[in-house]
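These notes open a run of structures that come right after.
In the two complexes below, chain A is the common chain; its partner is chain B in one and chain C in the other.
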Partner chain A sequence: MSEARVWPAEADLDLGWMKQRGEWGMKATPSKQGLTLADIQIGSYGDPVDRSDNQTGRPRGAAARPNSYRIGGYAVVNKSEIWLENASFLYEEALQRQWSSATDVPWHTIKPLRDDIEQAQCQLATFLTEVEFVAGDVPARWISNTTPDYFEPRQCLLAQVMDESRHMDVFRKRALANGGGLMLTSGGTAGVVGSIDLARDFTEMSSRLHISGEGAVLTIFRMGELMAYNDAEKAIYRLCAQDEARHVAFGVMHMRYMHETAPERHEEIQCYLDEAERQILAGSQNPAGNQTDASEALAILLGGGKDKYDDGLNKLLAIRKRQVQEYIKRVRSTGFGARFDNGRSQLTEMLNQAAA
Partner chain B sequence: MRFPSESWFNAVAEVFNGDESFQGGGGGACNTLMGAKVGDRNFLITFEGVECTGAREVKAAELEAADFYLDMAPADWRAMIQNIASNGHADLEYTLNTLDLDREQGLAHSVHGDQYREDLFFRYNQTLQYYFDASARVATEFGQ
Partner chain C sequence: MTEKTAAKPAASSDRPVDPMADRPAPNLKWMGITHQWGTRVKPGKHGLRLGDLNVGIYGEVPAVWNDQTRNPRGAVARRGIPPVGYAIRDKADLWADSAADMYEEAIQRRWAPAVDVPWASIAPLPDAVEQAVCQVMTELSQYANVDVEAVTHWQHQMAYGYHEVKQYLATVSFDAARHMEVFRKRALCNGGGLGLEGPGEVNRMILESRGGWTETVLYLFLMRGLFTQTLLRYLEQHAHNHAERAIYTNCIEDKARHLTYGIDHLWYAINHQNDQKLIVNQLCIIGERILVRELKDPVLREALAIIFAGGIEHASGKGIATYEQMLGDFVRRYLDTLKWLGVERTILFPPELAGYVGKGAR
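The block that comes next holds the complex of A and B.
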């Protein structure tokens, strides 16, 4: 005989939760690239509010639970503060283009190099490891500050943190893979690079991190391919550059959204760009910019040794020019390019002087 | 297969699409319309998702539709393709990014001048490299 308790009929299960739900009857259809985030932006689920009062971690579109704790304390609750039109697309792209620093880099192709070349590679790897710490830490803070109602940009930033984590480890691996090791820290994270983390507004942070900072690092990664001495280094820089270009794209598209939707903030954003460009002009933001340990390492690598330093420096200057040209074109793409025509930016003058 | 020709780019696409290893290791989803300018001949190559969905020869003016186009003299295209054929992939001197940086005016250009779209050359660089590396498996003859 069963010992299970026999409940009276009136004690049936309370299945009230079954009636509390978001919009029902959704039938998302996979596109050619699978079932992407863009494919599930249907009905009310694809419609983020302009201002969110969600402080509880409720997934966008889910039914609210009135007794939920306010776990979030989210500071970013206005869509325009963080939004961009193609965040879902960039997120899916990030997921589908991941790589492994352990197995996708042909480490076996690294052979002993001349001492000065190895030391320069290790100095650069030390610098890049340090910089990538910042690039991972900064977006991470903004993820936890943003309401879950704007999950698309949040997920892009989550993917960026993963990318930066891989960059940190791959340059550390390079430093330790060929008879060298880590070298002198640049101190950059305590200076200009670290100051990115002082931003109290997302757009301010993004202009510093994604547009100016990562745009510069993108050029360095691309340059890395030019100064690679084996297939492993070639692959490292090429794969890092891909990731970095995606982060830059996030910044460009956010800035473009701000240009189109927040005219009241245009002047403020121009000030952020003023500040970023002062760093570009001072060259204190990236090793292609001025005379630092890392820039000397770059010149040695580009020239082919410390005895060919001047050749390397000339290549470095040419690349810096392209770095500035690309920055100008990116800012133009955001819609804030008038600064290059009305005399506000000094970068065009700098390029003209360089050409003269 | 004769280079440059629509059939050559499509033959490379077939090899590229047939090898799943090109979808990993930093390859994968790629959505762009790439142009290729070989002397006075012009091509548009479409990438959608993990596939290269086709190439067609176009008039020069139609390169405006491309997110970016790769512009090299026929002799330089030939050197790159021969390098890929002899190594099975581009060696240190012939990757797309190196060819871009080696040229004062770069390898990748656009008609529209929008850096966001030109940046797709960097964002999808590994996939584009895989695509051209796939040409190692296409028997290639050169000439107009």
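The block that comes next holds the complex of A and C.
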């Protein structure tokens, strides 16, 4: 059909909108990693305000309509509450390093294991399936409560929800792949005061989720070689560790920003760290914490069987020590490290005693 | 098979525990506790997929999931655990049989705007066209923001027993994050910037649809989602360079998955709940009127018309005509989809939308 179309008579256009726009003349250019979020931080677009009054959900830097509905209902409207300096980088990295639990884990390398080992593996996998999506549920809720003016941290949290979704499923897959099954739930993620779920302040939540909770899990995943019995398990721990490292980095960088920009909140943050430290050791969300079903399972895996429980426990205590050391290092890097020198934190003393 | 066991404290000792040195003897009471042992799911041609795990009791998805803890489906629950507080506990309120497959598909088809869009192919456009593109990008970025906020508002309220849906929705909000980002990137890379924020009528409707996730699904995926997907198809046909084409093609694919889940869920809800079909019909009546109000706003219409006509000169003729064809495509798909769901939109269907049905029909 090549017949010329007959168009309707010209209608009047308004075109008034062409005079209403954000800063113009932007020419973001791709860097070595492509056109990244960092590359579009140009002109006024790269500069979020310290306090956002954007309740209509408009993209940061767009021209506002005076008659827009205030539909956002955002609770997080202060930059210091959620900001971090390297969010763009973490988000782009998350995008580039997505993986698939269906195809990036060599499932065929899993071969039948001794019953006690398979049970320990399944108990640990049950625990991880249970706790992984705490870090999906909770960030999700904060995303919808945060103004899009701070979209860079929100993008990181969205990537985290995706990552945790994969973690939740990769451990379910492991539990059901080798003649075992799911075992006993821990109940450690219950909705009790001081839990990650119930925090009503973002930094409070982040200190528990990203810094103490995921920090502890990161240490374990990084030592995955010690508890893996095949290449599939090694791949699972390695890939999860990659993701967790980003989540922990988010928390550390945010707390650092908070330290630098909100001195009036320092004492309050120290209280959250007091709580976080009690929880690292309590073990309800840390499989290398004090004696729980998950820590027993971990000890069996580390030792190489129920009959080598003592060997496993030695390794578990070493992991626990490393968790604490890494936690201290992270908190120091945020600027809140004085607590380890002035006697407020018990952790340094515990480490010293253990060394003696 | 073992039933629920009572909660036990984390450590069972009267003296203070030295967490760095104590070596309690194991109690190993968890050993042997399972509802089903001997499960050996093998990877298939496409790897080990989420849906493959639904064997034996692990694949039993009950109509109601009252457990408000994070007890994984099929694991042995503990008794006495304080609830986390999940509001959506009925399968009919969130389920779609395709969720597990869509989840894996989303992961396989992941893309990264930074590197999967050939940004270097973008060259300067006439001023009016660039501004029109930037205006459309602004509104699309805001749409994607609504996707993000709507999904993340509901996701954490969904019971753990329906993990496939929770997990699938993680891919949806992540897709939306990418859309927000890629439209913003396009607006800021070619001498333009962001334009005027959208009118927000439909955004408001989606964000205020708090009667249940099904209502949000109708507005977010079916009404807005279908509209956006149709718009993206027309943009793809009028792309100015490879970069724009890549952006629209990738987004259209993502939107297709969202739509699949949306339609699948609405079908499930309508077929498992009394009155749901009537409720959907009622919600359509409300939603269509709001959409009509939003369509009266000239900004998106004119910006698209400029893109479709290649400039202002023919925007009011060819441009608007193409825009109306686009709306015709949208309205027909919208009505067809609802019809497939068993919802015949005859009562109070707005004449403003009905008028587009014949536009551009092939």
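Going forward, the second predicted complex is superposed on the first by the 336 of 356 C-alpha atoms of A that agree within 3 Å, B and C clash if a C-alpha of one lies under 4 Å from a C-alpha of the other, contacts with A are read in each partner's own complex, and residues count from 1 in each chain.
Everything below uses one rule, namely that contacts are C-beta pairs under 8 Å (C-beta built on N, C-alpha and C of every residue); 3 or more make two chains touch, one makes a residue touch a chain.
Everything quoted here is computed from the prediction, not taken from an experiment.
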Using the superposition on chain A described above, determine whether A:M162 touches chain B (first), chain C (second), both, or neither. second
Mind working out whether A:E92 is in touch with chain B, chain C, both or neither, as first, second, both or neither? both
In the superposed arrangement, which partner chain does A:I319 touch: chain B (first), chain C (second), both, or neither? first
State whether A:L226 touches chain B only (first), chain C only (second), both chains, or neither. first
Determine, under the contact definition given at the top, whether A:Q242 touches first (chain B), second (chain C), both, or neither. first
On the A-aligned overlay, A:L37 touches which partner chain: chain B = first, chain C = second, or both, or neither? second
For A:V49 in the superposed arrangement: first (chain B), second (chain C), both or neither? neither
With both structures placed on chain A, which of the two partners, chain B or chain C, ends up touching more residues of chain A? C
Which chain A residues come up in both lists, the one for chain B and the one for chain C? 33, 92, 96, 98, 100
Applying the document's contact rule, which stretches of chain A touch chain B when the two form their complex? 32-33, 92-93, 96-100, 104, 218, 222-223, 225-226, 228-231, 234, 238-239, 241-242, 244-246, 248-249, 252-253, 256, 318-319, 322, 326, 329-330, 332-333
In the complex formed with chain A, which residues of chain C make contact? 5, 7, 10-12, 17-24, 26-43, 46-50, 53, 55, 58, 69-72, 74-78, 80-85, 103-104, 107-108, 110, 112-115, 117, 119-120, 128, 131, 134-135, 138, 141-142, 145-146, 148-153, 155-156, 160, 163, 166-167, 170-171, 173-174, 176-178, 180-181, 184-185, 187-200, 203-204, 207-208, 298-299, 302-303, 305, 312, 314-318, 320-321
Could you pull out which chain B residues touch chain A in their complex? 24-31, 48-50, 92, 95, 97-98, 100-102, 104, 106, 113-116, 118-120, 122-126, 129
